[in-house]
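For reference, the structure I am asking about is given below.
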Amino acid sequence: MPPLAEHTTETAADALEAAEVAVLPTGSTEQHGPALALGMDHLAARAFARTAADREDAVVLPTVPVGVSAHHRQFDGTLYVAEETFERYVRETLASLAEHGVRKAVVVNGHGGNSGALRRAARRLRAERTAFAPPWNWWESVDDLADELFDENGGHADAMESSLLWHLREDLVRADRLEAAAAGAGDGWGESVHGAPVGFDTIDFSESGAVGKPTQADPEKGERLFEAASEELHALLDWLAERPLSECWPREGRR
Amino acid sequence: MPPLAEHTTETAADALEAAEVAVLPTGSTEQHGPALALGMDHLAARAFARTAADREDAVVLPTVPVGVSAHHRQFDGTLYVAEETFERYVRETLASLAEHGVRKAVVVNGHGGNSGALRRAARRLRAERTAFAPPWNWWESVDDLADELFDENGGHADAMESSLLWHLREDLVRADRLEAAAAGAGDGWGESVHGAPVGFDTIDFSESGAVGKPTQADPEKGERLFEAASEELHALLDWLAERPLSECWPREGRR
Amino acid sequence: MPPLAEHTTETAADALEAAEVAVLPTGSTEQHGPALALGMDHLAARAFARTAADREDAVVLPTVPVGVSAHHRQFDGTLYVAEETFERYVRETLASLAEHGVRKAVVVNGHGGNSGALRRAARRLRAERTAFAPPWNWWESVDDLADELFDENGGHADAMESSLLWHLREDLVRADRLEAAAAGAGDGWGESVHGAPVGFDTIDFSESGAVGKPTQADPEKGERLFEAASEELHALLDWLAERPLSECWPREGRR
Amino acid sequence: MPPLAEHTTETAADALEAAEVAVLPTGSTEQHGPALALGMDHLAARAFARTAADREDAVVLPTVPVGVSAHHRQFDGTLYVAEETFERYVRETLASLAEHGVRKAVVVNGHGGNSGALRRAARRLRAERTAFAPPWNWWESVDDLADELFDENGGHADAMESSLLWHLREDLVRADRLEAAAAGAGDGWGESVHGAPVGFDTIDFSESGAVGKPTQADPEKGERLFEAASEELHALLDWLAERPLSECWPREGRR
Amino acid sequence: MPPLAEHTTETAADALEAAEVAVLPTGSTEQHGPALALGMDHLAARAFARTAADREDAVVLPTVPVGVSAHHRQFDGTLYVAEETFERYVRETLASLAEHGVRKAVVVNGHGGNSGALRRAARRLRAERTAFAPPWNWWESVDDLADELFDENGGHADAMESSLLWHLREDLVRADRLEAAAAGAGDGWGESVHGAPVGFDTIDFSESGAVGKPTQADPEKGERLFEAASEELHALLDWLAERPLSECWPREGRR
Amino acid sequence: MPPLAEHTTETAADALEAAEVAVLPTGSTEQHGPALALGMDHLAARAFARTAADREDAVVLPTVPVGVSAHHRQFDGTLYVAEETFERYVRETLASLAEHGVRKAVVVNGHGGNSGALRRAARRLRAERTAFAPPWNWWESVDDLADELFDENGGHADAMESSLLWHLREDLVRADRLEAAAAGAGDGWGESVHGAPVGFDTIDFSESGAVGKPTQADPEKGERLFEAASEELHALLDWLAERPLSECWPREGRR
């Protein structure tokens, strides 16, 4: 069915009646090194979400474009809101949808920094029996494929992300800056000293803003990632669509 | 210049250096009667904002798609967040941009229900000398033209909004439902008894969700509205771009 | 019946049993130009509220004297609290009254800056089915009369307000400063540039603190305003007293 | 000087220049047993505050009429706001005054339940170096006299309060209900079991709402209390007016 | 029964079934003058709480070690959290226990500064019918004995506290600094001017950090205090264990 | 040096002068399956923290015993506070210490559920330049050793935790219930469906409350873990003690 925003309230009434599950894309607008566009994460989320437009049992909500990115703030162009603000924005949006009867959702997320807030939102929506809305990070669904395609310990603006964007929006990848991205990239996300995380901002462990091996990027690999992750997403939507709502709520303890 | 989300952090550095003013589109996803798409307000805001992409002194931010629409919640498909949540989301986004040196902005707004929150956001950003970011409601810039074009006391999903969307996205207007919209429309926004507002939800004073005379809608009138309001927006951007930041801050009192 | 504060808990029991509706006066203590006393708005609200003491179906609550006036802060003597603080103070006061069985109220308001907060308070009290408490701004109930009496595009410390205070408390109007008030007055409330509000503080658009034509003030006109608005208030109280509580609550949507 | 609310912004400018200290009356609207009016506490606070109108170095602010009285809520007519709301309302009012240069204040308080909030407000205003604003509970300034006049272990609507109101507003004391007040009165404030307070609401330890010996009330004793406490208040105002602001701020620790 | 933290979830199931009442020790880590350890208050609370380990009807929770001590912050080593933070920490801990069926508790408190927050926590837990959890300040249960043992108007790090700690943890009392503590001690808690509290920080009225007569301290007196107060605590636990939960909730008003 | 709570304010003055770094133990009181005590996590944190008492450059703060454990709430005995409450409690405690000049700290944490809150606390303390306080999860510092000692994909009440507690507090391990713990244990932490986390509470993926292979537990392995992790902690303390404070603060961006 078309995205929710393209329905009128009348056609939405039918669509929401038919929908088993909603899809809410969330991302960020933040530095992705010298080669990738700032919108990488919300564009990726939107692209995955839109594949659900083929389904009659899923309704796609508008994209939340700015997220939890304060740790990238030293790099030009990064936008961010507080973790609590993002959590509320997502939670309240899903709660308003639940009033129309759609109480299962997948939050299709493109930005790792959003994860904590999305889990909290999901927990609270579930605890209050408003909605069951697990977050889905596209890259976590295709770990194995990524390991096969790339030899990197990435995390941000890496070969994986670069490939995906190259596939989705070639115009938003500056291939001639992948070298620079790689040259200043961190080896892995964060910085740890004797087990303690001590790198709180990206600038603490990456000069270019990237972490990983951006030069391994390739649009065909991007296509494979997109196809594989989309398949996982649809399998998740199938699973969720079939799951009775009553099994989604928290279990009771002994008392 | 291209929208911020399409820049890399490197090109954003130059663009933000050149930019005098930012443009943040905000709207809603809410019922607009049986004829107009739920996304009306954020699509309109985005369309106006994108006209600023022609300017070298303005940078366009991503669109905030869900707003303060609880009063439409009884109509299917309406999404909303709390007024405070929306205010924070907008304010923090603009504050994060200000860290990159762009401290003047226009919030191009498509939804009247957002106005209170946007004014509060603007006041606080100004009071804290973070940014000067007045909201701009497109319909308020073309009052006279609207009076000339339509004979309505509108306010929501009226001839004015319907015409604009017809011009911008013909596919999102169900012309065959304009009659129904009009038949159940309220005569004016809200309901007042002896000077007191007593209609707090749209459903209190409109059966179809519309207020005004939707059947007067016409795509050519929509084009005229779009052109005229865009002109006003650009005049506003010119004015703001030239205004020294020092004149934007609050004046001091006597002590 | 006497104001609530003059009842004992015993006589209040009977009075609250008899009362159909409460009246809560709210205003501000803020600059009103060189001619009018700072207490203008709460004194006006109190004066209107006290006319309800004649009724057996209405109970008058104490006056809330400080409101949402930060935009007047550059003028000496202005007191203010945050919008949220004012909203809570009013909302919780009305909620505490509702525990005693009086769940309909009119907030008789003397200050325009309080309006947003009062509407939010009313919405939330209604949404939670605690109370139905529309705000009533005295000047909005007598638009037509004001147009007849004065030739101004006022808004603050104007001929309308000056006349009312002159009637109510002659000692609090410095008639010899009405000229000065007029000389430095703004032409209309706020300042707008191409449809965007850019005057966030009164000092941005008024030198004297007044907006309108204070020299048109006249105590007899003030008396007419007071009588006419009081009549409207009582008509509103009649309407509300007769309205069944069950019709005051929000309507349900389809689901 | 006249109360602040009776000044215009022009005369306030001079008055605030001359003022060394502000006086903010705070109280409550809550049950005071069958004999005393609900407004007892804010009426008392206002009466004490108004004695400061004789001074050229003190400016009297409007009265805050509803306070922290949830523990009286089971008795008809009691109004209340949350402790945090009351604290904010008082704190922000005083902070707005401080912007005009008056940074020392006495909060003349008539209700014991407000004390915790007032102390927190005072601590925070002091810690942030906004204002020095100690609360003053009238009854605490005349302990010895009360012991001399009455043989009670009072606390609420007792002989002390009844006498004061009798003196101030004879019309608001129902002398014929003092017996009933006494008959159902608690012996002392609260209820303690082996050192733990277990009476959280007044109804837990008083049937009539009073605590003490209301029948010992006498308007002449009320006059003596009023005179004696007023004297203490003025001595406090003298002390505070003379205290340099620099000595009002918190002392530094070693680092 | 053993403290809760020493149970497994299995043995806790039985223990919580058997328990009628919980004991939550709260204190502070704050200056206690030159002779007493900073942990005085939480160590005392823990010691009293642990005496309840003998009972089969009481379960002892872990100790909350940092409290509301900002007023001691100028003295080295003082830790503190905001009053609201402490209140939440205690309240939520007790609410989580209530989910396991134990809804009566005594908060065994060692620090006077925590009292306001503990009362608010208790009121709210009671109002929401989550738990009945009165605070118990050990020193308030043995007033008479203290008057008999010491000739002081104490309040902090005084003979009473010093004696108790001497009894409990001799190693944490520097007897050779009791003189210094006494030499710089305040005469009574706080500072009052004409009935107004004007000493908001301990440093305002005590040079050494102590208030009272520390040199009267004696470990044998400490033992007597400990025994007497423990007896009171157990009497309170008996009383509470026997009190039906239904009698613990707030009483209803007339409506 | 002795723990902070055992110092007087005088000896604390010297100790805090000498201290380069603070150690704050945090944990939880929550179900750890049928074999381990509820206090596991705060007891472990305390044990590690206490090893720092040997150092002259480190001061050990009291243990925070209740944490972010709502996801264990269905198992008897679990206590918890909200994530925000825990974050505030920790952050404010560290900020109060910073006032005494110790602005570097390690939060020695025993409970994985606390991690998000601890990172946020650390980020904010750093962003405000109050303190640099990275969290340290003991198990993350000895990954390799754990892989060597155990063949499990654990996470909670597993062989790793069981071994440690067996070493530290043999009396708090019910070795005869390790079988039961293992029988009902989950295979790995959480539950994932096509990349989405859908197990929000422990009870969703573990019957006994444990995750891992508890029967592989062994006190000697616990000793090795304790020694190895303590070594890592001390290496971290060395590193932090030597790091200049100026290098701890966030780096600036370009503007």
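First chain written, first letter: the chains are A, B, C, D, E and F, and each begins at residue 1.
Rule of thumb we're sticking to: a residue touches a chain if its C-beta (ideal position, glycine included) is under 8 Å from a C-beta of that chain, and two chains touch if they have at least 3 such contacts.
Everything numeric in this text was worked out from a predicted model, so none of it was measured.
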Among all other chains, pick the one whose mean CA position is farthest from the mean CA position of chain C. F
Between the pairs C-D and B-C, the one where more C-beta pairs touch: C-D
CA centre of chain A versus CA centre of chain C: separation in Å? 48
Using mean CA coordinates as chain centres, what's the gap between chain A and chain B in Å? 27
Residues of chain C that touch two or more other chains sit at 13, 70, 73, 75-76, 99-100, 253-254
For chain D, which residues count as touching chain E in their complex? 70-71, 73-76, 83-84, 106, 116, 119-120, 122-123, 126-127, 134-138, 140-142, 192-198, 200-201, 203-204, 229, 232-233, 235-236, 239, 250-254
Which positions of chain F touch chain E when the two form their complex? 3-10, 12-13, 15-16, 29, 31-39, 42-43, 61-66, 69-70, 73, 75-82, 85-86, 88-89, 92-93, 96-97, 99-100, 171-172, 174, 177, 209
